[in-house]
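Note that the chains take the letters A, B, C and D in the order they are written out, and that residue 1 is the start of every chain.
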Amino acid sequence: MFLKEYFGSIFSSIKSLLTGMKLTGYYFTHHNKIITEEYPDNRAALKMPERFRGEVIMPHDEKNEHQCTGCQSCELSCPNGSIKIITKQEIQPDGKKKKRIDTWVYHLDMCTMCGMCVEACPTTAILMGNEFEHSQYEKKYLKKVLNKPGSRLKDGVE
Amino acid sequence: MKTLLSYSFSSLATHMHNWLKNVITNDLLLTVTELVIIGVCLLVFLILLAFFLGYMERKVAAFMELRLGPNRVGPKGTLQIVADTVKLLFKEGFTPDAADKFLFNLAPGIIITTALLAVAPIAYAKGFQLWDINIGVLYISSVSSMAVIGILMAGWSSSNKYSLIGAMRCGAQIVSYELSIGLSLISIVVLTGSLSLNDIVESQANGWWIFKGHIPVLISFVIFVVASTAEINRAPFDLVEADQELTGGFNTEYAGMKFAMFLMAEYINLFVVSAVAATIFLGGWMPFHIGGLTGFNHIMDYIPSSIWFFSKTLFIIFIIMQFRWTFPRLRIDQLLNLEWKYLLPISMVNVLLVTLMAIMGWHF
Amino acid sequence: MLLGEEDHFNEEGEFVINIGPQHPSTHGVLRLKVWLDGETIKKVEPHLGYIHRSIEKMSESFSYRQFGYITSRMDYLSAHMNNQACALVVEKALQVEVPARAQVIRIILCELSRLSSHLLWFASAGLDLGGVTPFFYAFREREAINSIMEETCGARLTQNFMVPGGIITDLQPDFQKRIKEVLKQFKDNYHEYNEILIGNVIFQNRMKDVGVLTREDAIALGCTGPVARASGLSCDIRKHYPYDGYEKIQFDEVILTGGDSWARCEVRMAEMLQSVHIIEQLIDNIPEGDIVAKTKNVIKLPKGEFYQRVETARGELGVYIVSDGGSTPYRCKYRSPNFSNLMAIPHISKGHKIGDLIAIMATIDLIIPDIDR
Amino acid sequence: MCEIHKLKMTNEELKNSFAQIFPAVTFDETGEFLTAFIPSEALLPVMKELRSKKELYFDYLFCLTCVDWKDHLMMVYFLNSKTHNHTIVVKAKITDTINPKIESVYDIWKTAELNEDEIFDLFGVNFLNHPNLRRIFLEDDWVGYPLRKNYVDEHMIEL
């Protein structure tokens, strides 16, 4: 009885070990199943999903116009304080003074890519971009100004 | 019948000897010079071998794990291991403050020396053997068990608690598994009647022991492979290092060149045990023959003996690597149970069976 | 307290080692102080706080829309469930009805992340025991799940997809197709997990009769999730206190009575299949409609106290909000599953070997940021 | 399952049973769970009764926390019975905010050990008879108790 158990355990153990070796042996000989990618080499083919949240961007159209009214709801909704909007008073052609953005400061180093600013934006002036390679040698490069120099608010956006 | 490669090796050695004899007249100096030349050649060979095995292990692991493996340095990543070696060379070889500095620095040397000593009696090809000692099997089993001294030394002198536990595990593990290795080697010694590796290879001229010796020899082959995996501390028996438990075990505190020596010793040991297994069970450099098929046997004979030897060795190395990349690690008490409850009793009974077989002449 | 302030041996001749804070198998910066007698563990004392970010304190300054996002960083493998708990507690306080479509999508994504979390457990359990290869097999499927998360939610781990009232955006068009592909891939490869690790005799011997947690101890220690269910304790929040429409779904609560590491493994392996089963029920029946219920721009909770629990991949996550009627929580407490499960380690690892401690840690499956919060 | 539901107590029954243990208790039923208020001195005997009494049998302490109400600290114990599946919240008021202390419930529920450590660390409540009271998250020499409302962080960076 003891011997039967003893040898039975040996055989079942060897069987389970051989099952595992069969699997690794199978994958050793089937190189087409390889799942890893050679990352920087596949950059051309690498396409991030459209919704991927990599950074906050502010799209400008060909006339260098953005849609940000400077309402600061993104600044309020940001949990980390990574957005700072500096506004200025701009004199309109009709002589009225209006609040416009001066600089839209984005601290990428503090951003957690939660996307709440984009959710809060009433004019869809900002979006989440797909760029994810943000490494820089110095922290100061991570502080970005999103509105381009000389850009202005698109007409009709309030 | 002499194959090309083995012929050229022995004749090369003879030419060399004759040439040196003309240049150097002093007998002692001649011997020393020849030893130095052989030593340098051997070292270069072993370093290259360690490089190759390191590369092979990475690729084997990678393919089993659905990865590409090294692919950046050199074509197909072949120079990766060179890059790693260069990195290790330039790394600071620091010694911990609380360490026993003499022993700490001595330990890698001892480990690599024991690894190198075991290389001596291996027959690489027909007529190509560094040292045809008549007690080759005994020599190898005794030298390889000396590795425990180096590991204990490294673990104790590091003054690191993890290292100490690793070293203590090593003591228990290597001492236990020596027994099974010895017994499984004895079963072939019994069949051959000689301790010389050369004789053992010669005895397999008409068939390798693994085919001739029925199931008992197969069992001792399996036991030898398992026990020698444990002897050289490779997964699943790598409790001495046990990255996930002891963060590296005995070599936790080592870095740079000293660590590289441990790594090299590991690969040399891997080569040695595989070579011994190939020599003893798979016929060493003997070609594969099937009785009766003369034509087939002739074709087999034309394959150089060194190729036979290295392909058999590589096969066993591959098996041992596959163990490592397939199985999880054992626990220390299970490791000892495996030896004392399973491998040792089985190999003892097995030696009896083999002896009976040898006396009655039941083998082919 | 400095590391290594004790000598190698204390006065009783015990050997004291620190496992962590930097150790390969603590899965983070947990430090276990272990008193050893040879290889045998006499006592374990956890030391925490290496990744303490005071999420509870931070939540006190966040609005009710913001405070959920940071919980993705607690148990980062159950980010959806954590966000869901925060969304649910606000919904409970405001008595908002979540649209049916949002509920179903929530469940699908939660079960998907439970599946991916258990896959990561499988991967790291193999790794902890020295088998590196299972890691990659599990990550193959996990990668596919993460891609879906990336395509749908915009991030792989810290999704921040569930907001008070529903979900943040609608699904992407080929969501159902992608999920079906992943489920097929998972089911096709499920047998490999058994072949490479679960069925392996070494793995089974390492796991069986190791770290036995009895039912009584599981209750007393406050263990939840697969750890408690392996001890025979029925504690699935999805069954006992259903939320988001779990009451309408057919699934089994996996309960085993072994209580050892092996039972914990089996519970998780079975729960993977249950998650697949849940997703399969729902994937073709996602109702049309709104994805988010209307809530005010600035959410203010009524004065009072609210407690909401969800079943994350590791157990019961409770969110306790004390509101003083303002727009930020007055006090926010997360009853995290790992914090309670951690207590099981000192309790059950006594008398085992160091290797067993690693196996126990692997099967308790701790996420350290969730412990420290 | 049927048996569990049969034994599950309603809020009224729970109130009655609780009042038998500790008559001076006050209740609040506005929240999700029945909440019982007891003075902090009476905590330990009441809790022991809650745990051991057959028909109550609160064996599962699933959440243990503290709330700082500026003039007092409120310990909150969420209790559940795994046998009967009823839940109660016990609140104990600590009026002394300078040097708050309360009995540890470690003897009754083992899960309290780390939870009480956490509360000691972040609220500064001293737990009497706790086996190993220590700061688990913060450093041993940390000044102040961060989750108190009057805690001022000198290292805070204004954005």
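One rule holds in what follows: contacts are C-beta pairs under 8 Å (C-beta built on N, C-alpha and C of every residue); 3 or more make two chains touch, one makes a residue touch a chain.
In this text, all values refer to a predicted model and were calculated from it rather than measured experimentally.
Q: Count of steps on the shortest touching-chain route from chain B to chain D?
A: Counted as steps through touching chains, the separation is 2.
Q: So which chain is farthest from chain C, going by the mean of the CA atoms in each chain?
A: B
Q: At what distance in angstrom does the C-alpha mean of chain C lie from that of chain B?
A: Centre separation, chain B to chain C: 45 Å.
Q: Roughly how far is chain C from chain D, centre to centre by C-alpha average, rounded to an integer in Å?
A: 25
Q: Averaging only over C-alpha atoms, locate the centres of chain A and chain D and give their separation in whole Å.
A: Measuring from centre to centre gives 42 Å for this pair.
Q: Using mean CA coordinates as chain centres, what's the chain A-chain B distance in Å?
A: 51
Q: Any chance you could list the residues of chain D touching two or more other chains?
A: Where chain D is concerned, no single residue meets two or more other chains.
Q: Would you give the residues of chain C that are in contact with at least 2 other chains, written as numbers and ranges?
A: Only 133, 136, 140, 196-197, 200, 202 qualify.
Q: Which residues belonging to chain A are in contact with no fewer than two other chains?
A: Within chain A, residues 17, 20, 23-24, 35 contact more than one other chain.
Q: Tell me, which parts of chain B touch chain C in their complex?
A: Touching chain C from chain B are residues 61, 64-67, 161-162, 165, 169, 235-236, 238-239, 242-247, 325-334.
Q: Help me check something: in the complex, which residues belonging to chain A touch chain C?
A: Residues in contact with chain C: 12-13, 16-17, 19-20, 22-24, 35, 48-53, 77, 79, 112-116, 119, 128.
Q: Spell out the residues on chain C that touch chain B in their complex, using ranges where they run on.
A: Of all residues in chain C, those touching chain B are 8, 15, 17, 23-25, 39, 126-133, 135-137, 140, 196-197, 200, 202-203, 205-206, 353-356, 358.
Q: Give the list of chain D residues in touch with chain C in this complex.
A: Chain D reaches chain C through residues 30-33, 59-63, 65, 67-68, 76, 78, 82, 85, 109-111, 113-115, 118, 122, 132, 135-140, 146-147.
Q: Flag every residue of chain C that touches chain D in the complex, lowest number first.
A: Touch residues, chain C against chain D: 1, 45-49, 52, 54, 56-57, 92, 217, 219-222, 224, 233, 235, 240, 304-307, 316, 318, 320, 322, 330-331, 333, 335, 339-340, 342-343, 347, 372.
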